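Presented below is the structure to which this report refers.
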């Protein structure tokens, strides 16, 4: 019996879901190739100039000049990658192929937008870093709470609360105390979320939405009720950038990484610390166990409720710090709903980053890039309406949560309340 | 170490789970604790391990009373529990699972996994467990996972080991090997509590037996003086016959035929690999096998919940390879799902809604404008409840409020009361009391006698042996053996060997 | 479709099972006492917040009086309350239906914007059509576009598993940009205006006012009937129809729904589309009944308030109707409060958020008001 069937199976072609995914993404890459070839075509004679150093930088390197033929090359490469994925499947390289394909498509877009003009690439990369900060911190807050299986939709509210408190307390007590207060308020909302979902077993998503609505209402109320009259209460001093000697002189990398304000440095340090904590310490092991199999952790004497309280509170503090960036790290003044969905984008960064702090940071950089790109393109006078550029980060987020680029597994108990027996 | 439970009582709301229980556990001895589902065995052991606290009574260790306030306390006192549902984190390695909660650490809370690995290997060597310390749990077969659970308990230097239904996921041969480990542990002076509802196992391994019924101890004794019949009577409170009463099968036409059915999982591994067999009308075909060898996928493919990547299904002469769940339903396929809570019912729906869960679309329930004829649904549900002895005061109560046995009877009633031609029953009696088991078995045999084809998938070998006219054994997604079981003539040992992957078996009659 | 179920005659034992079980005390507590306590607790906390932001006691008293008078104190107030309730209830019904189907749709705001926009564009594109025809077709256009916009999130969830919370939020943010873009297009923008604002809805496309014969300032419009019809329709859909049965089963236990042969992807898309149609209708009703044109942010947070509403109404159409009238009252009263006592209307948003906290965490309400529950009944309260 067994022999007969194995023979009949050999004749049938078995298509798996992985192969189908490779086909779809291959098709997408081929479509991109066509797009680059016909829409983003740059006349052969034209060049795109990318400035890498400013006039006052210590070390000067020449501008990057890309000839128009570059886009032909990109189209060819895209077509090759797409065809390979479509016909042969990518195997374990599939994700990488797609990543490379999308990356060079973006490059081609830049070259097209910049054709015949000149454009400060280093400035944009530096801006990318800055814009990635709140998203990365939001993502990190998401990682901390989802690793203990608490879905944290409230990050948006925590960012907003941090921004508000930073502005208010920064105005009253100085920027440093303002920052401390922002972190504390973030932590307080984290603890509140933990109380609602752990102790009162409220639905995690509802709890998050409610905190968002509450913070939005409260900050808007105070802004119109109090700040409108007392403007001095909403005028904090902004943290200046700190140049790190020597390192900040490195071309391109220097302005990106070593000539930024404390929020950029803070975000990088926090990502490092969180990675070490989650994957190399006792506390991290316990936290992850609580997120994957809380009952198992409970039977071994790990206090599930306490672990969740602790990490969601920490997540709130991280988000509070990230929120302070909007005021203390940027304009010094709070405006209604000024976070404008960055917390949710942070959540998407967490998903894209596969629930890993470094992954979340990388994803945040991509979003930051989209964000700063939109800013720069407005200056380059491209024929694309500004509203469409403004949509770019949101659409990118949808693409990410749709998992069109690789899928990962969330912590097994994510979103489920734990009830002790 | 000796442990004594004195007058333990535990209530959950109005339900008394344990009623004035007295029990003594001694070092160097295996205590067998017998009771049917819902008798209160697990509650008692959760009290002993510190997960629950008793409402009345006390626990004494070596004569001194102790109070447990949390699960950590039981472990600290030297009482370790191996749960029926494994308490392992699938994405952690063996070493990480074992040290969780008592991690060896360096400075700054640094997790010393090297040390953990060494410690795991040491215990491995001492008790001959042979568990790979660096493998992820999800990559290990269930038999090894169980040893990880034991390792966890030994790592915490427990002197009392509570094993809750430990053989449920093992083949008969694995059970033998497992008994070897248990004996070794006993001989090293540990006290073992072996909880089960399987009579032959408790007789084979215990030094002493206690029987629990409806929360109270109803019998104690020496296994040498007891036999299965006496134990069964102590467990259920009346005389039970485990042999299913049925006439020889009279197989008719081919009802369901699978031809080379193959299913891939997300990682493109074959979870079903060229499965071919036929169920005839008027026969019960049993699929035996250790859980996780493709049975779930097999049932999903047959019922239309999953699509095969290759192969063909034929139902009563018609190709149903691409038919929908609903289409198969209306062609007369009944499906009793393996996990009623996950699939078989909606807890918050009332009994009537649950009884119409998959036939709300039936013409009998149709009303104008796409409405449902609710009075008709209610009447039908009431009739089903009466027929199947589902005990409830009203069909308007939530399905979740019924007891486990009644829930299962509700699901079985819904499936068998329709006009059916094929019954696919997966784990039809999991987690229900003996009375309900007998009843459900009787109804399945009746379906067969009315001319339905019946396919039973169960990891309880006793159930398969008792009910089936013919037995197929599944291992790693393939059918590896076939046995004729007319009059119960299949050799239990041979079936067991096939469950462990030994191919061949006996030629089909 | 064939039948496999025979008609059954019931004996006495069977008939006994058809007696409806009485609703337990606990049910009553959940449906009535918890909401009442939630509203009271939220109002008290609202007062504390006012106190904390330096509003004196007398003004707080005045604002609560204004809140009461502005919501239900006069015929005009009632008209305002109901006017505010119309879009809230319509959008809330959609969200409640989504919750029942297990979908947490936060996108009502965006769906409402797109629906309202579509209704505006449709109405001024066909100015020649007579009164009821243009009005009804414009409403339909709003519902259809709302449904389509919501379907994006539904389709993404059904095909890729993208969580609807994030995708609907992103669609909200996207819709704001789309709206501003559209409002600047020459075909849509009002002639002679440089700010983004649409042309006006012609009279034949407006929902007629109901009480302007008493006082032309009374804004209550025919959307009231639309709202009531929608309540009845959603009730029928959820609790009487086949598709509603499938919605509820999928929401309560998706695996069981799959087992029962319901197509989960189809149900997700259908539920999202229905919810989107209702939200789009809310937007259309707002444009055709109150505003008369579309402008940036004309939704004014109705889509977010509707989330609170659906939770407060326990995702039950009748509950949502009552919750909508309450929220409409808060809205109308809040405006009065801002005028009379100088307290920012944003306070209402805080009160609404607090109400949901208490509603969604009944354990919390029980912890705060232990005397309101079962123990009290024995004491004969």
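Order of writing sets the chain letters: A, B and C. Residues in each chain are counted from 1.
Definition applied: a contact is a pair of C-beta atoms (placed from the backbone, for glycine too) under 8 Å apart; a residue touches a chain by one contact, two chains touch by 3 or more.
This structure is a prediction, so every number in the text was calculated from the model and none was measured.
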item	value
Overall pattern in which the protein chains touch one another (line/ring/star/complete/other)	complete
Most widely separated chain from chain A, with each centre as the mean of CA atoms	B
Distance between chain centroids, defined by C-alpha means - chain B, chain C (Å)	46
For chain A paired with chain C, centre-to-centre distance based on mean C-alpha positions, whole Å	32
Chain C partner contacts - residues on chain A that touch it in the complex	153, 196, 199-203, 205-207, 209-210, 213-214, 216-218, 220-226, 340-341, 344, 347-348, 385, 387-388, 390-391, 394-395, 397-398, 401-404
Interfacial residue positions of chain C with respect to chain B in the complex	1-11, 13-21, 236, 240-243, 245-246, 248-249, 252-253, 255-256, 258-261
Interfacial residue positions of chain A with respect to chain B in the complex	1-2, 4-6, 8-9, 12, 14-18, 277, 280-286, 288-289, 292-293, 295-303, 409, 412, 421
Interface residues, chain C side, partner chain A - complex	49, 53-55, 104, 106, 156, 160-163, 165-167, 169-171, 173-174, 177-178, 180-181, 304, 307-308, 311, 343-344, 346-354, 356-357, 360-361, 363-364, 367
Touch list for chain B against partner chain A, complex	46, 49, 51-52, 70-72, 75-76, 81, 83, 86-92, 96-97, 100-103, 105, 108-111, 152, 259-260, 262, 264, 266, 268, 274-276, 309-311, 478-479, 482, 503
